[in-house]
Amino acid sequence: MKSIGGKRLVAALLVLALLGVAAAQSLTFWSWRTEDVDAYNGFIAAFHKDHPGIDVTFTPYKNTEYNTILSTALQGGGGPDIVHLRAYGGMEPLAQAGLLVPLGDKVPALKDFDPNVLKAATNRADGKVYGVPFALQTIQVLYNKDVFAKLGLSEPKTWQEFLDVAQKIKASGIDALANGSKDPWTVETLFGGVAPAFYGCNAFYDKMAAGTATFEDPAFKTALQRMVDLEPYLASNYQGVAYSDMQSLFAYGQAGMLIGGSYELGTLAQLAPNFHVGSFLIPNDQGKTCETFYVDGSYGINAASKNQDADVQFINFLASKAYGQMFTDTLKQISAVPGVVPTDPVLAQMANRMHSEGTPYLMLTLFRYGQPSGSTLLQNEMQAVLAGSETVDQAAANIQRGVATWYKFQ
Amino acid sequence: MRSPHPAAAGRRPPDARWVGRLAIYLFLTLLALGFLYPIVLMVLDAFKTTPEIFRHPFGLPSHVGLETFREVWRRAHFGLYLRNSLLVTGGSLLVLLATAAPAAYALARYRFPVRGLIFLFFLAGIMVPIRLGILPLYLLMKHLSLLDTPFALIFTYAASGMPMSVFLLSTFFRTLPSDLEDAARIDGCGEYRIFWSIMLPLVRPAVATVTIVNVVPWWNDFFFPLLFLQSNTWKTVPLGMQIFFGQHLTNWSLVFAGMLMASLPLLAIYLLMSRQFISGLTSGALKG
Amino acid sequence: MSGARGWFRRNGHLVVFLLPGLVLYGLFMAYPLLTSLSYSLSDWHGLVRGAFSGLANFVKVLGQWPYNARFWGALSHNALFFALTLAIQSSLGLFLAALLSRKWRGFAFFQAVYFLPYTMSMVVVGFLWLLLLNPTWGPVAHGLRLVGLDAWVQPWLGQRSTALITVILVNAWHWLGFPVLVFMAAIQGIPREFYEAGLVDGANEWQGFRHITFPLLLPSLAMMSILTFIWDFNAFELVFVMQGASGAPNYATDLLATFFYRTAFGDPTTGGEPGQIGLASAIGVLMLIIIGAASAFGVRFSQRTQTEY
């Protein structure tokens, strides 16, 4: 015991000597992950153990306010040292405005990251990486194993089987799907769970990325139509069912399935610790599947930070495998650090499918770089289609028209 | 039942009056239920567990304990936020009254060349949500080193409350009879004395109105604290609660408890001082 | 020199009265807003200000889909917001004020109750009604099912046909106590002799209200209407809390302020799309013009009625 303590002291003194400072440096770290305060304080404690000269204060802001606060603060030359960055179009303006530090030569571990994952933190204008991606999310059907067992149901292999499963759950007196449409963004989650298999997974995605296909492509319209086909199986009064209701409905056994993200597993474990959850992908008519995935965001450094050395040390910690493992074990989310395997079996299954048949979340990864974003258009148009005030054709035409105002189609 | 007032008794048969009164009381009671019941529900549900709320939304809590409130208090640093909210609201009011009352007085009671222009300048602000200026405002606060201090909020609130307060106060000042001023001037009172000792006391009810009109939105604002306050040290109640609600929407019990705690200070002050508010407004109207 | 000193001796009190207010208001309100105005005439790349772009931002907001659809939609929602609120406060609000100002036994209690919601934060009011109106777990839906009115249970805040009206009614619940208080104060300020004169003429209560109270209340009514207009055209929190920054469902509850916010900072519900500061500032300027013109008209009207009084 004594010798370990002594070693630690020597290490601490060494670090201090290296830094050339006697006093502890304190870093501020802003985030929108209000749910994860305890987890991050734990991560920071682990970092502090090895870097006693650096204190990090984690300050989360409300999800919906975070972008405003962050961009306002950074533009004003203030803000924290370490920033939790959104992904793709959400971080790029900050990088383009020169408010972030490029990390390419400061974080050696980044070269091992999947290039597709790094896209989420890359400024397309200069090709540089400005953040260390932290979590990957996948979208799929989560189901209540107890409900499936009670009704003698098994994971469906074709679209028709899926509709049959939904019909049987509904006939048993509970909702088939917990999904609602009160919160627009959950409509896009529904899209992420249903559409890819019908629009043709990565083949179509690549065409969209190249600008050679449009949202009025018959395959895309079919995909939207499949969402509408699920309308009878959504939660009762689904138009008034908000995200938190979806979580409660599923967790308390009032609905048999939930089309949702891998991030639901953490919440589910909190709401219903004894819940037996399974997951599958929605198959198309021929039984083909693919799994939507995306990078949640990344960790970056404020260019105006006065503690650049300490910032780089902390960011390197966040890019380490040790951190990735800690992250996935604590938060039950897939870490973006390569080589980290989730210990939770359901999460591991999602991660595996992502590696074998993953397809990037269409609107988030391609169409959030301008306004009106593909996400905004999709969410609102599909809200209207589900409510019966618009047709799929009209919705597809509007999405195309909106995105075409800033995106180059061939 | 009480006997009808003798002076008015002759105008209608007593039993018709009685029925009319009953109908009025019935109407007012029903309406009061609509206003009160949601708040009562919030109070009751704050004491229940979430499954209890879902199953028996109208039932009484199975046991009355303060654990939920303690959890909110602990997680949300409620004591600290309460102090900050008091400081910010009180400070803003002080700054506002010290600047708006003399300005309104000057605009209402004196004639001078640019009077109309200045009045319009103030009035123009009524129509503009200060939020539209948020980016330049933030930079200004930074240059003045006011970020992360309560002064950023105090100056923003006081400045944004200025147009409405100048408008309300000058309306009241204008209604005061000029004999008072004239008499004071003849007695040799200086302009400052007239303002401070004679005119200002007469618009006390208007000051009460200005207070009600401004303090409530300030106390409840969450937008500016969010932008101006970065460390936990100065966060206000609504900001803390805003984060808290979003975080716990699947736990209705905690959210209801948080709502109750966030509403309690203003609710209590209003209930304790409603007589002053109302009599202030009433006497103000009588002066006009 | 001595002329200036003489001027100050005669008018120095005006400077002392006006200067602190002008400085505070000029520095922390007028300056940022005017600077924003200049933002609206510039091209923006993310957070970087580009070249002067003339009226391009305005042309885009008013003429280019989908911005024009959002703008006119939001404007009409604000108009409905104001019209309904005004209707409620000038009918129910005025009626309550006339009734309560008789000060019968217990009326102080009723008045206190009606004012109670006004003291609550919009954040709390929004979340409270969000939970109360929840079609799955909410007490309102539960109550309707309890009395067998299952069919009446609707996703009030989720469907196009009812969402905006519901938000407006929640706002009225929060707001109504304030105009009642103001009207009561005005009614009680009417000298008793006016009524006594009316009684001699044999007027009944309705006639008394119609011919004595109402005309004398006009200035207060006009003032209250202007305030309501300004507040309703700045309305933001309730929709933001209950329906999100995009005014769900499908912009049915979108207001000018939410449209502004979304355009300035990106729609937070979609996880951070880039904001467009130039466009947002143009929306802000348009809001300023609409609100400014309408309230200038209202103020003029109220001043005219005031001189009659």
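Labels A, B and C are assigned to the chains in the order they are written; within every chain, residues are numbered from 1.
Methods note: contacts are C-beta pairs under 8 Å (C-beta built on N, C-alpha and C of every residue); 3 or more make two chains touch, one makes a residue touch a chain.
Only a predicted model underlies this, so the values are computations on that prediction, with no experimental measurement involved.
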Top contact pair of chains, counted by C-beta pairs?
B-C
Find the most central chain, measuring centrality by the gap between its CA centroid and the centroid of all protein CA atoms shown.
C
Can you tell me which chain lies farthest from chain B, using the average of the Cα atoms as each chain's centre?
A
Based only on mean CA positions, could you tell me how far chain A sits from chain C in angstrom?
37
Chain centre separation (chain B, chain C; CA means) in Å
15
Can you give the whole-Å distance between the Cα centres of chain A and chain B?
41
Would you pick out the residues of chain B that each touch at least 2 other chains?
54, 134-135, 242
Which residues does chain C have that touch at least 2 chains other than itself?
137, 261, 264
Residue numbers in chain A touching two or more further chains are 63-65, 68, 75, 242, 248
So in the complex, the part of chain C that touches chain B is made up of which residues?
11, 13-14, 16-18, 20-22, 24-25, 27-33, 35-36, 39, 96, 99, 104, 106-124, 127-129, 131-132, 137-139, 142-143, 146, 173, 177, 181-182, 184-189, 223, 227, 230, 234, 236, 257, 260-261, 264, 277, 281, 284, 287-288, 291-292, 295, 299
Which part of chain C faces chain A closely enough to touch in the complex?
45-48, 64-66, 130, 133-137, 141, 153-160, 240, 244-246, 248-251, 261, 263-276, 279
Show me the residue ranges of chain B that touch chain C in the complex, using the header's touch definition.
21, 24-25, 28-29, 31-32, 34-36, 38-39, 41-42, 53-54, 57-58, 95, 98-100, 102-103, 105-107, 110, 112, 118, 121-137, 140, 155-156, 158-160, 162-164, 166, 171, 190-192, 195, 216, 219-220, 222, 238, 241-242, 245, 252, 255-256, 259, 262-263, 266-267, 269-271, 274-275, 277-278, 281-282, 284-288
Residue ranges of chain A touching chain C (in the complex, touch as defined):
63-68, 71, 74-75, 86-87, 89-94, 96-97, 99, 180-185, 188, 235-242, 245, 248-249, 254, 364, 368-373, 375-377, 379-381, 383-384, 387, 389, 398, 401-402, 405
Chain B residues touching chain A - in the complex, by the definition given at the top:
51, 54, 134-135, 138-139, 142, 147, 226-227, 230-232, 242-243, 246-247, 249-250
